[in-house]
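Labels A, B, C and D are assigned to the chains in the order they are written; within every chain, residues are numbered from 1.
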């Protein structure tokens, strides 16, 4: 049982890491700030989500799992806000 | 409770009051309608003055330092306040100059009788209280981090004062001052944290017993000193001072030149004479004094070449600050092998106090002249001395003290320093003191000559100058002269607590 | 493993710091600075300083980032490039900075163990303060004078910022980035996030007495929430002569000062607390401070008033 | 090498970088950014000192940790004031409005450099 869960964790986090790498490449390679932010936020939101998902089987109880999901949700919201502010700043 | 290495004295509560009374003034001033802010000042200034007087009397009568342990938490865990002879004397000077400036500023920063609250008066009075609180905290503090907070308080109060008038040049000057000051305080903080890492305390009294002669200590002390030198505008870190001090409104210039730059100097003395006594090497002391000598020569020569009165006075501040740094080679008593050399110690502090009075008076006089004429071009000042005799007299008296003509505080200071150079066998500084006096004579008489000369064209007086404001400037100048009546010997009062 | 993580983090910190110094565009430099701040917060956790990590994330990166980003945006059109230093002076500066760096590194390597520490003393006296968090005990009991003076520093910085207002705009409102009209998306998020933010800020202030957190962190979160709703156009910036606003600014420091002087009569002296009531008094002071800090930081980031309020 | 020593070296590098930026960078806003980098370096040294002083069951000496919190807040206040000065100096509309006001106020004593 636990080895299945561990395999799931490894798989999900690896996928998450892949999205982070993709997002970072986008950040470095895309031509202007809006497209860079697009690449970064899309990929990183998904990446963070996958990392959180992968960690879910590893935590102690439902409360800790809820915490992880809340962390992801807040990261989503604050990421969206920060992106908006940055775009306003460069325009 | 922690080991009581430091115990409070009976009148110690006065020290807390000295710092917190102006703070209470700031808080009240922030919430009252701006129209009443001057009334707040009428309460804050006299009571603050009374507190300073009480501290001086307590220190003089007790013959020892007054100490207060804040919250009952003794150092190293807590923070103590300590008033020795030099802090008490600094507090008194500060109180006198600030109260005089308050009286002087009444004519300049008044809320309009009708209509809404105005910007400049509201800001000015709050800044004045803040500078007072910060200076008291600086001279009473005995904890390196507490002193850092006081330094920042002083900076944040001084910078807006520079650009209170709002012209572009003054904002530029304020920004440059701000950057110098920030780098200065960050370097100081860097040194302070190293000290904590080495000795586990920030308390100056405890440090004096723990400090070891080792490279890390020297690096920390050097960083703190360089940071404070930038704030004191010692040559060659003086570039920010002239536009900042000349650009401020007259009461602001008076405070900045007379008091604010001395706050960081005071802290340098605290570090080398109280936190690490006996650790200042001969070479380092000579270097500090050499920078001081450079300040005297460069500042005076530049003052001679100025076209504008306020800029000339600002450059003179750079020169006069230079003398203070002779305290390092002369007062540590290297030649005699004693830790304490009283003549130079007294001379340096006399220089600080007399310059504070004289320079405040001089900036006020310059402000009145500029107000009357609408400009401060030295070349076109001809004859204004006859229209404003009191102002001219104030300018002349303070000028004589800056030059060091007897009887004046400036004379006592420079004479004591001269004798000290001979006693210590460091005659080369004597030459600088003499040349500095001659150069000061040059720039003061250049202006005095103009003030008394026949006007090239009929003088147009733009605004009436209030008699009471002239008298404020004059009384400060008289204070500078009266300091010349103290006996020419080491002062016992300035020695209290060491 | 841990050492490898630390080294990686340090390389990142220094690399990003260097990038920030050399990168050409100011806005990009500011964004890099925000990232740097977040990495610093991780460094603070690695150094077992969770209180500082929270402060760094909230102030060092969050609100400073907002402030600088806004400023960079407003300076886009202006010609703000000062005069470049000549090459020899640049070299001298580089050598000087390298020397300072080297001497610091030397100090870091020279420091020996056992290191001096006040941790045991801070813990011994902790029960007299009634607090569970030693950092809070240092801030509000052992070294309360620093904290009180620092609050005055904050207020004074605000007066300094306000003093830069044009005379005609005194009593007016700060203009928060008027160049771009607020977008609907931002307004949407600015309505979702603040309720959570406020709850979090209150929790943070409350828990600071016994866990990492406290008035500074809580107040900063509140300030950021306030800034967010102002920048998104959900709520208007207040006039700086608003009486309520000025009372909010002063409330925290004033209560601190009053409690401090009360200590003269009911305890050992100024800023001393009677052990029985210490925790209650400190929590009350922290609560008032959090509100004042929020107002002060928010207004500091909003800048001086620039126009009169539209009726 | 311990964690504390590693971060000590990091702190020294940041201080050097920040100081260089403050001195050399011509753009005032970037000077302020560099000042914040310099500040972070200094604060990090506080963290190192605190970490070294770990004792009595604590992960670090609480005194320097508390001092850093104060320091970070003060650094923010400094940044805000400096940014306000820069904006006032370089924003075209604000600058013009000020000058006309200043001249109408009466005095023409300026603090310009000689």
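Methods note: a residue touches a chain if its C-beta (ideal position, glycine included) is under 8 Å from a C-beta of that chain, and two chains touch if they have at least 3 such contacts.
Just so we're clear, the structure is a prediction, and the values are computed from it rather than from any experiment.
A.B. asks: Centre of all protein Cα atoms: which chain's centre is nearest to it?
C.D. replies: Going by the distance between chain centres and the overall C-alpha centre, it is D.
A.B. asks: Go ahead and name the chain pair joined by the largest number of contacting C-beta pairs.
C.D. replies: Top-ranked chain pair by contacting C-beta pairs: C-D.
A.B. asks: Take the average of all CA coordinates in chain A, do the same for chain C, and state the distance between these two points in whole angstrom.
C.D. replies: That gives a centre separation of 27 Å.
A.B. asks: Could you please state the distance in Å, as a whole number, between where the Cα atoms of chain B are centred and where those of chain C are centred?
C.D. replies: Taking the mean C-alpha position of each chain, the two centres sit 31 Å apart.
A.B. asks: Calculate how many whole Å lie between the centre of chain B and the centre of chain D, each centre taken as the average of the chain's C-alpha atoms.
C.D. replies: 25
A.B. asks: Going through chain B residue by residue, note those that touch at least 2 other chains and give them in order.
C.D. replies: Residues 77, 145, 149, 152, 156, 159-160, 163, 166, 171, 190, 194, 196-197, 200 of chain B each touch two or more of the other chains.
A.B. asks: By residue number and range, which residues of chain C touch two or more other chains?
C.D. replies: Counting only residues that touch two or more other chains, chain C contributes 30, 72, 100, 104, 107, 111, 115-118, 122, 142-143, 146, 150, 153, 157, 160, 164, 166-167.
A.B. asks: Do you know which chain D residues sit against two or more other chains?
C.D. replies: Residues 15, 19, 28, 45, 48-49, 52-53, 63, 67, 70, 74, 77-78, 81, 85-86, 88-89, 98, 101.
A.B. asks: State which pairs of chains touch, listing all of them.
C.D. replies: Contact pairs between chains: A-C, B-C, B-D, C-D.
A.B. asks: Can you tell me which positions in chain C touch chain A when the two form their complex?
C.D. replies: 27, 30-31, 34, 66, 69-70, 72-73, 177, 179-180, 183, 185-186, 189-190, 192-193, 196, 228, 231
A.B. asks: Please give the residue numbers of chain D that touch chain B in the complex, ascending.
C.D. replies: 15, 19, 22, 28, 31, 35, 38-39, 42, 45-46, 48-49, 52-53, 63-64, 67, 70-71, 74, 77-78, 81-82, 85-86, 88-89, 95, 98-99, 101-102, 105-114
A.B. asks: Which residues of chain B touch chain D once you look at their complex with the stated criterion?
C.D. replies: Touch residues, chain B against chain D: 77, 145, 149, 152, 156, 159-160, 162-163, 165-175, 178-179, 182-183, 186, 189-190, 193-194, 196-197, 200, 242-244, 246-248, 302, 305-308, 310-311, 370-371, 374-376, 462-463.
A.B. asks: Show me the residue ranges of chain B that touch chain C in the complex, using the header's touch definition.
C.D. replies: 1-2, 8, 13, 16, 19-20, 23-24, 26-27, 30-31, 34, 68-73, 76-79, 116-120, 122-123, 126-127, 130, 133, 137, 145-146, 149-150, 152-153, 156-157, 159-160, 163-164, 166, 171, 190, 194, 196-201, 214-216, 219-220, 223
A.B. asks: With touch defined as at the start, can you tell me which chain C residues reach chain D in the complex?
C.D. replies: 2-3, 6-7, 10, 13-14, 17-18, 20-21, 26, 29-30, 33, 36-37, 40, 43-44, 46-49, 51-52, 55-56, 59-60, 63-64, 67-68, 71-72, 74-75, 77-85, 90, 93-94, 96-98, 100-102, 104-105, 107-109, 111, 113, 115-120, 122-123, 134-135, 137-139, 142-143, 146-147, 150, 153-154, 157, 160-161, 164, 166-168, 214, 216, 293, 297, 300-301, 303-304, 306
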